[in-house]
Amino acid sequence: MDKMSAHLRNLISGKLWGYCIAALIVINTIVLGIETYPNAMNSYRELLTSIDRTLLCVFILEFVLRFVAYRLDFFKDPWSVFDLCVIGIALIPAQDAFSALRAARALRALRLISVFPKLRKVIEGLVMAIPGICAIAGVMAIIICVFGLIASKLYGPSFPQWFGNLHLSVFTLFQIMTLEGWPDIVRTVMQEKPFAWIFFVTYLLIATFSVLNLFIAVVVDAMQRNHAEDTGDNQKKRCD
Amino acid sequence: MDKMSAHLRNLISGKLWGYCIAALIVINTIVLGIETYPNAMNSYRELLTSIDRTLLCVFILEFVLRFVAYRLDFFKDPWSVFDLCVIGIALIPAQDAFSALRAARALRALRLISVFPKLRKVIEGLVMAIPGICAIAGVMAIIICVFGLIASKLYGPSFPQWFGNLHLSVFTLFQIMTLEGWPDIVRTVMQEKPFAWIFFVTYLLIATFSVLNLFIAVVVDAMQRNHAEDTGDNQKKRCD
Amino acid sequence: MDKMSAHLRNLISGKLWGYCIAALIVINTIVLGIETYPNAMNSYRELLTSIDRTLLCVFILEFVLRFVAYRLDFFKDPWSVFDLCVIGIALIPAQDAFSALRAARALRALRLISVFPKLRKVIEGLVMAIPGICAIAGVMAIIICVFGLIASKLYGPSFPQWFGNLHLSVFTLFQIMTLEGWPDIVRTVMQEKPFAWIFFVTYLLIATFSVLNLFIAVVVDAMQRNHAEDTGDNQKKRCD
Amino acid sequence: MDKMSAHLRNLISGKLWGYCIAALIVINTIVLGIETYPNAMNSYRELLTSIDRTLLCVFILEFVLRFVAYRLDFFKDPWSVFDLCVIGIALIPAQDAFSALRAARALRALRLISVFPKLRKVIEGLVMAIPGICAIAGVMAIIICVFGLIASKLYGPSFPQWFGNLHLSVFTLFQIMTLEGWPDIVRTVMQEKPFAWIFFVTYLLIATFSVLNLFIAVVVDAMQRNHAEDTGDNQKKRCD
């Protein structure tokens, strides 16, 4: 039994297996892509659905094999858990209320990332950058919230479509933070409240300055990690 | 008496106290948030107002305790002064003329930042970055002002909504600096003054180049501070 | 024969030759530029066409000379191959179906880059930065693709102009990634699907965070290359 | 005579003199600012004009003093030449044809920069960053030019307002490079030429990647200059 699982592990962790799975995911993604074209969908509905089902079975089979090979170690690798979740979504019965879940089948294409180590590393880099920006993100959330509360009070009654309640205000302020269409909003508000520019320009400066600092935090973090690796390499060399 | 203030200091600077205050601020913020929804406001106006008042009393009481504990040292900590200002705003009688001050109650949520050391550090980082960019900000203000004066003269008579007087011009040029909607303005102006693109493209290049340098100043500053810390750590290690 | 090719090489690799070619390319570009003005085109069509043809002959002659001088070494220099392709496009008979190829004559102006070593270096720098971002670009492609599939399913039926099929969705999501006009799209979608903001804000945060990391990858890469050069110089100095 | 010029130099290079000049420039700028408000202009036209004239005389007098003090050394300091040009513009008779020159009087406010050493340093930093980006700017100019020629050929006949001739195309492509309103243009063009997205997305990727590299060149340059200063300081310390 143990020998079999060792064999299986060899097979599964091999390159060939990875490429096969990658190819199947690409095919599945293409099928899902074709399904978005109404004409193609109408002509080949049954073919596409059956390919999708077959591939789902293959993927489930792969999980069974991986589980047999690795047992509970399977759950120790976060990428395995990620793969499991992505496939698992397709198994939830997607009825009326959960029709959005049918769309979630597209998440299966994300498994392409888990197949290639280089792409995995990118995602791991992105995830590792998150703790460094949590504090700034928290401050930004508080700032947006405070400005949202004030905006709701001051401009809510006159411009309910933008500042009618807290969540509308927060959305509008998030939009202004991306600098997208802010002059239209501010110029419109200024026609009724001439001093609104003080509020919005203050917010704009604080928000963009915060974004800039969030950005710097990520850059400095990336450089330090990089520098640490370099220094580690150099020290090794010197020790040799 | 002294012993009591020492006890109080222990209590106030403890973690538990901080979390309690944070919880109350969050509750207060949620109450203010609910107040922005007209339906909820109409149904529970009295409840919400009474919660808000009670919390205000609690916060004032906390200040009294902190003042008793720290006496005049209270004013030496900038964050205490910040908290005091934020709460103090709510005590100003907000009548017709100052109805905007009622909205300022939302600033109380900013106290969340002063409760958590990590968030404090973010704000301290933002504030420390300001001196390094004062000079560039000054140059940018002069540049916008000069271009604003010129734009008022050249395009003011034809486009009073954008360049009618100095403050309108400065607002429009600030908008162009954020690159938001600049083609609409420039194309409209060019229909009457075909060579306006020389003015605006010059301004755009100078403005974005200045923003880029402001940005670099902040990045370089952040890296140097970071590097200084690293070098300090390294020198310590070498000395050991 | 060998002596002649050596002579030719001297002549062709000389500065004077380079400047002459550069001047001819500039003239050719100006001619192509004048051709875009309908009035000028109508008055001087024949003159412009004949100049264009003459210059094409000169450029072909230059290639013959370079080929005679360098023989097969000609194909070893990527910039020579680049020049050849750029000129070669003009020789393809541009009939109805390939009328777009006539426009490709403008690519000849790109030869200016290959004439000046400083500009060549810029392009070489750009090209050298590409491998470092392949992995992130791959991840971003997968993310856009997945979100495109989901958007097609969820919003395709209601908003066919934006999410009607996969390639429309991908284009719209690429537009949202550049932050251009995203509030218009999201606000419109939200009128029908009030929870669409969850999808779009998630996408926006992931997309901009990926762009930021792509950006950092390029910066860190550039700094490392720079640093490597510096260290190389320093080590040389120390060894001396 | 020499003693007098030495005295004058002391006076002129003193802090007090600088602050006086700065105050006068600020007053002059405020006057020019007030002139942009039609109401104020109508009521106080004569007062404002006379202040402006008086200040101009004072500035000219200052130049005479500086010239007496420094003789031909005056022209060795680029900031003096800058000041002279800025004031000189006001002396050109601004008749009908040159009415734009009257607007150029606002450039006088730029002298504020030359008065304060910190602001001067910012401008010197900006100017020093220019040589490092000349090559990339050149490549970008060639790229925009080539794409402009192609766009004029391909889309000029259908969309003369955007691509009617070379300079319109270049302006439109510059607009697209700032990402401002690009989806509107591309979606409109795609209605007639469905494959236009290939052209525009290619251009967008190349243009933003070039801007990114221009940006990196400035950052790396700034850091190196900074690092060189640091290293210089460190080496001094070690030598001590």
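As written, the chains take the letters A, B, C and D, and residue 1 is the first residue of each chain.
What we mean here is this: contacts are C-beta pairs under 8 Å (C-beta built on N, C-alpha and C of every residue); 3 or more make two chains touch, one makes a residue touch a chain.
Note that this is a predicted model, so its numbers are computed, not measured.
Chains touching both chain A and chain C: none. Centroid distances from chain B, each centroid being the mean of CA atoms, peak for C. Here the C-alpha atoms of chain A line up with those of chain B after a rotation of 90°, rounded in steps of 5.
Of all residue numbers seen at the chain C-chain D contact, under half occur in both copies; the interface is built from largely non-matching residues. Between chain C and chain D, the centres computed from C-alpha atoms are 29 Å apart.
Distance from the chain B centre to the chain C centre is 42 Å, each centre being the mean of its Cα atoms. For chain C, residues that reach two or more other chains under the stated contact definition are 179-181, 219, 223.
Taken together, the chains touch in the following pairs: A-B, A-C, B-D, C-D.
Residue ranges on chain D touching chain B, taken from their complex, read 29, 32-33, 36-38, 100, 102-104, 106-107, 109-110, 112-113, 116, 118-119, 121-123, 125-126, 129, 171, 174-175, 178-181, 215, 218-219, 222-223, 226. Every residue of chain A that touches chain B in the complex is listed here, in rising order: 135-136, 138-139, 142-143, 145-146, 149-150, 152-154, 156, 164-166, 169, 179-184, 197, 201, 204, 209-210, 212-213, 216, 219-220, 223-224.
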